[in-house]
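What follows is a group of structures, each given as structure tokens.
Same chain, two partners: chain A is paired with chain B first, then with chain C.
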Partner chain A sequence: MLSLILLVYGGYIFKEWKESAETQQSIFPSLKAPAGSISTTKFEKGSILWPSGATPVIENYPPTLVCRFNPKGGMFKACILHFFSENLTWRTQVKYLLPYITLFVFLCFLFGRAWCGWVCPIGTTGDFLTFLRRKMNIPVKRFPANFRKNLSFTGYALTVITLAISTLIGMPNLTRYQCYWFLPYCQICPARLICPMFGLIKPNWKDFSTGITTTFTILAWIVLGFFIAAFYWGRRIWCHMCPVGLINSWFNRGCGIELHKKAVKCIKCGYCADVCPMGLTKMYEIDKDSVYNQTGCIMCMRCIEICPRKGCLTVKFFGRKINVENFIRRKTDAKKVFEQIQ
Partner chain B sequence: MKKFIFLLLVCRCSFLFSSEKIDISFEYPGLKGDFYVSGTIFLPPASIFSSDNISVMDTVTKKEVPSKITVSEKWPDGSILSAEIIFPANASKKTQYTIFYGNEVKRNKIFSEPAVLPTISFSTGSTGRTAENIDVSVGQINVRVDKSISVRYWWYVLPLMLLIFFTVYRSLTINRNYKSE
Partner chain C sequence: MQKRFLNKYNELILRNLSSKKAFLNDDIKQALKYRERSNLSSMDGFYKAIEANLGVEKTQKDRYIGYFCSIVPEELLLACSLKPVRLCCEDYTWTNAGEEILPGDICPVIKAICGKFYNNVYDYLELVIVPGTCDPKAKLAELLSPVKEVYFLDPGRDSDYLENVDKWTDRYTKFFQFLRQRFQCHAGKKQLLTACKLTNERTEIFKKIYALRIKFPGAINIFDYYVMIYTSFFMDIEQWNKMAEKVYEQAREKQSLSKKPKVLLSGSPVIFPNFKILDVLDQAGLEVAADIQCTGFGRFYNPVAIDEDTESGIIRALTLKNIAGSICPCLLTLEKLINLIIDTVSQYRLDGVVYYNLRLCQVFETQTTIIRQVLKENKIPFLSVKTDFGKEDTGQLKTRLEAFREIIQSGKE
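Up next is the complex of A and B:
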């Protein structure tokens, strides 16, 4: 919750610090869109293509789905896909992008997909929807294992298509298409419609000015509908196809946070597999003492929270044991365990 | 030798009387009637020295369009780096415009804004301020002014490579080195 507040409202809290950092020489150079770029001058008011009133500059990018379309947002302003997408179009030199990429990789290396589990504003919104579903007693749906795999494939496909389009419209002969295809993934991302509301800004729900913007508007509604429906079907369905989460997952196995299992203490109750919001079962299946970091794991620690055998599942940070019970409440009550599994 | 000098002269003359063109594009959704088109063009060094060497042409009718040109920035040699151009257009006609610049180009129709009309921005096709450095010739000495932002490449490449290496190394070995407590 604290991380979410910092991400969404940090800009207000650390306003003076942020402004002084902008005026001084920073290790993160302030980069703006090239002069005369169609992508930044074309649409300003009420368009889905650019947040109105926002200056197109590059800022810091955390490994979560924070969104640029909340222009009064926090210290971090956009997701890494937005960063790659816009700079491929602007054809920014790699040396200027390196500080941001290094920071992103460093944050991923430290915490892996714990960013998704603990910080992401869209994940938090989804958790809130899950909370509502529980209150309304809507049972969780069980999907076949392939369903989640297919979602990941869709996410990768979306990422590749987005980066390909962004690269193409950055080419000199195709700049005229920038006004339609700039930030293609952002146009359909649910974060574009949800994140501005955190900053009490009305998102640009619709833009019917051209055929392409109309198509994007309709696609965005469909994806938002899927996003909301997905959390009613199950937990964290969206996170399987989130491109930022997918990029983040490459670092998951080698990141600082390690999830350990002591097999001798396991009683094979299966709660850990049932409670996993990402539908992972490896921690249940392992029969030897092992690290069970997986690419899909969002490090939410629900498995540790629910495990009835103390010391069976533990967390380490670069080999140092962390006492997770300081910040999670172990569920021992059968009723609470059942609630969590739903 | 004569042929060589002749060739050199021809090349030099062709440079003197050469002209380049910039295609511009803009859209006017929801606009009716007359409006102004405004935008900035960037030119390479030593191309032109006067704003009179820039003219706007209607690509369809091949006629010059009256334009108002203001020089915004100059290269160190005095040639024009960027210039702001304003010219009138009408939404009823579907027209394309091209900006010509060069020593042989002469602007004949000068335009001043007589009425207050809506203005829309245009963008230049493939042109842009591409030069990262400016070469200032001072006789025997060539001074290179680095305009790029001071980013030390290796400060970031090395940590980035190390981070990626450690991530891959850890993901490959984390389970192999596992020691049960």
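Up next is the complex of A and C:
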């Protein structure tokens, strides 16, 4: 929760740091659109990509994962997909990008996909929807493994298409398409519509000026509808196809956080697989002592928290054992639930 | 919806089999003498509860529901403000009574249950829930249907969570719907949560007692421990929790290390008043530090872990606790049981495992071979004993257990 507040409103806290970083020489160079590029016009007030009443975003911050469309947003500028598609279009030199990519890889190496489970603003929005569903006593829908697999293929397809379009419109002959096709994924991403609301700013809902913008607007609405439905009926269904989560998930195996299972302790009660918001079952299935990090895992540690056998599932951070119960106190915890009704 | 199995023949069966004379239950009166061995004054309440349960008629206000096995979710019954009574019994006298109805070569537990039902001991029950765990239990549903209204709850034999959880949830949901219709109540999410809270409190207290006993078996006498388990079959849970808490507080001050070898007792459930095996173990100089049986450990160890606090979510959590987490040998749970035994023995440094086979109970006996092989590989002393409720073979058993103790002690040196 604290991390979320820091990410969403952190802009105020880190304002001075931001300003000093902008004026002085920083190891993170300032990335700007080339002069005369059409894409810069997209950032003007009133364009589809710009939330109404926003202040300009300072652009020289490490590309980790908060949405850039929340202008009050934290010290970080944009998600990794935004970062890549933007800079592919601008044809920024690789040497300027390297510090950012290094930082991103380093963070992923430390925490893997823990971002998704703990601080992602859209994930939190979705968890709030899930909370509402539980309060209204609507049973959760559990989707089959195939469906979830297909969703992640869709996510990869979206990523590839986005990067391809971004590269294409960066070519000298094709710059005139930039005004419509710049940041294609962002135009349909639900985060673009949701994140500004964290900053108490009205997002730009619609742009019916031309055929292409109309198509994008309608697509964005459809995706937002799917996003809300996915979180409302199921748990974290959206996270299967979120491109940012997919890129993060490459680092899940071999990252600093290691999830261990001690097979002799397991009584196969299935609690761990049942609570997994991503519908993973590996921690239930494996029958030998091993690490069970998997690509879909969002490191929410729910399985470790709920396991009734002490020492069966454990989490280690670079070889150091962490007691999950010490820092997790969530409302869905069985005990907390009971406290509520008293 | 009234579910009877032998509609046509009910009257005929009743005419021929019921109205036997009531048997005096000497077994229980004898077993109550275990009170004298106890060193805890706070145990009084539990022994009194057993006496009270014997003679006094039940109040009309409360609706009592009988059930067998830990597969049946008590929480659903509690949520409908019914009083669950677990009917598993191992009385020798009632087994004799049952033999007038059933042939001799049948599980003694089933005979005892039949004896009790056909002698009108359980008149106060409104409904009996019979799970289809083992074969005789499934037949019991038909045997009891002339006497009482029976609900048959079948979990299936496969205990794999992934494949069966939807099926289990479906069966529990139907069961819950039946209860709501039959007893005209509007139990929902709130009542279920309250019920789960009660049983989770009980689990917590049981875990504390289990952990205390496994380190200092002398703190709570083994007979007291099984009496506590037996009273939880019929006592009000809140009351049980309070009394057990008192016992725990008192026992905690009496921690002392005993020199007797500590063993783990697994296999068929030991139920009051049939404490024969405990008696023999005690005489042979073995201390039972822990149990892995469906009456004690298997029933209490898992909490209801609620993640989705919707009505269906809670019912699903109950299936996980009661079926997926169960150690019933009728389901495919052998690997789990072996894991549990090895883990408990190695973690608490117990000296051996005694596996108790009730004669004519095939499921427990069949898996003995595999358990023996695996434990042999892990160098854990293992002894399986086979006996029934009769007292004839006590001396023989004692000799075997004493030999086992000597093996353990020589291995230690």
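What we mean here is this: the second predicted complex is superposed on the first by the 309 of 342 C-alpha atoms of A that agree within 3 Å, B and C clash if a C-alpha of one lies under 4 Å from a C-alpha of the other, contacts with A are read in each partner's own complex, and residues count from 1 in each chain.
Here, a contact is a pair of C-beta atoms (placed from the backbone, for glycine too) under 8 Å apart; a residue touches a chain by one contact, two chains touch by 3 or more.
Predicted model, so just to flag it, every value in this text is computed and none were measured.
With chain A as the common reference, chain B sits beside chain C without any clash. With both structures placed on the common chain, the touch criterion links A:102 to chain B but leaves chain C unconnected. Between chain B and chain C, an angle of 170 degrees opens at the CA centre of chain A in the superposed model, to the nearest 10. In the superposed pair of complexes, A:201 makes contact with neither chain B nor chain C. Once chain A of one complex is fitted onto chain A of the other, the partner contacts of A:212 are absent, as it touches neither chain B nor chain C.
When the two structures are aligned on the shared chain, A:179 is found in touch with chain B, with no touch to chain C. More residues of chain A are touched by B (comparison of chain B with chain C). Within the superposed three-chain model, A:228 lies out of touch with both chain B and chain C [touch as defined at top].
Once the two complexes are overlaid on the shared chain, A:286 sits clear of chain B and of chain C alike. Once chain A of one complex is fitted onto chain A of the other, the partner contacts of A:138 are limited to chain C, with no touch recorded for chain B. Across the superposed structures, the minimum distance from chain B to chain C, using CA atoms, reads 12 Å. On the side of chain B, the complex with chain A involves touching residues 25, 27, 29-30, 39-40, 42, 82, 121, 123-126, 128-129, 149-151, 153, 156-157, 159-160, 163-164, 166-172, 174-175, 178, 180-181.
Those residues of chain A lying in contact with chain C across their complex are 133-134, 137-140, 263-271, 273-275, 281, 284-285, 302, 306, 308, 332, 334, 337-338, 341.
Note for the complex: chain C touches chain A at residues 159-162, 165, 188-190, 193-194, 196-197, 200, 301-313, 316-317, 320-321, 324-325, 327, 333, 335-336, 339-340, 342-343. Residues of chain A touching chain B in their complex: 25, 29, 31, 34-38, 41-42, 95-96, 98-99, 101-102, 105-106, 108-109, 172-173, 175-176, 179, 209-210, 250-251, 253-255, 258, 262, 289-291, 293.
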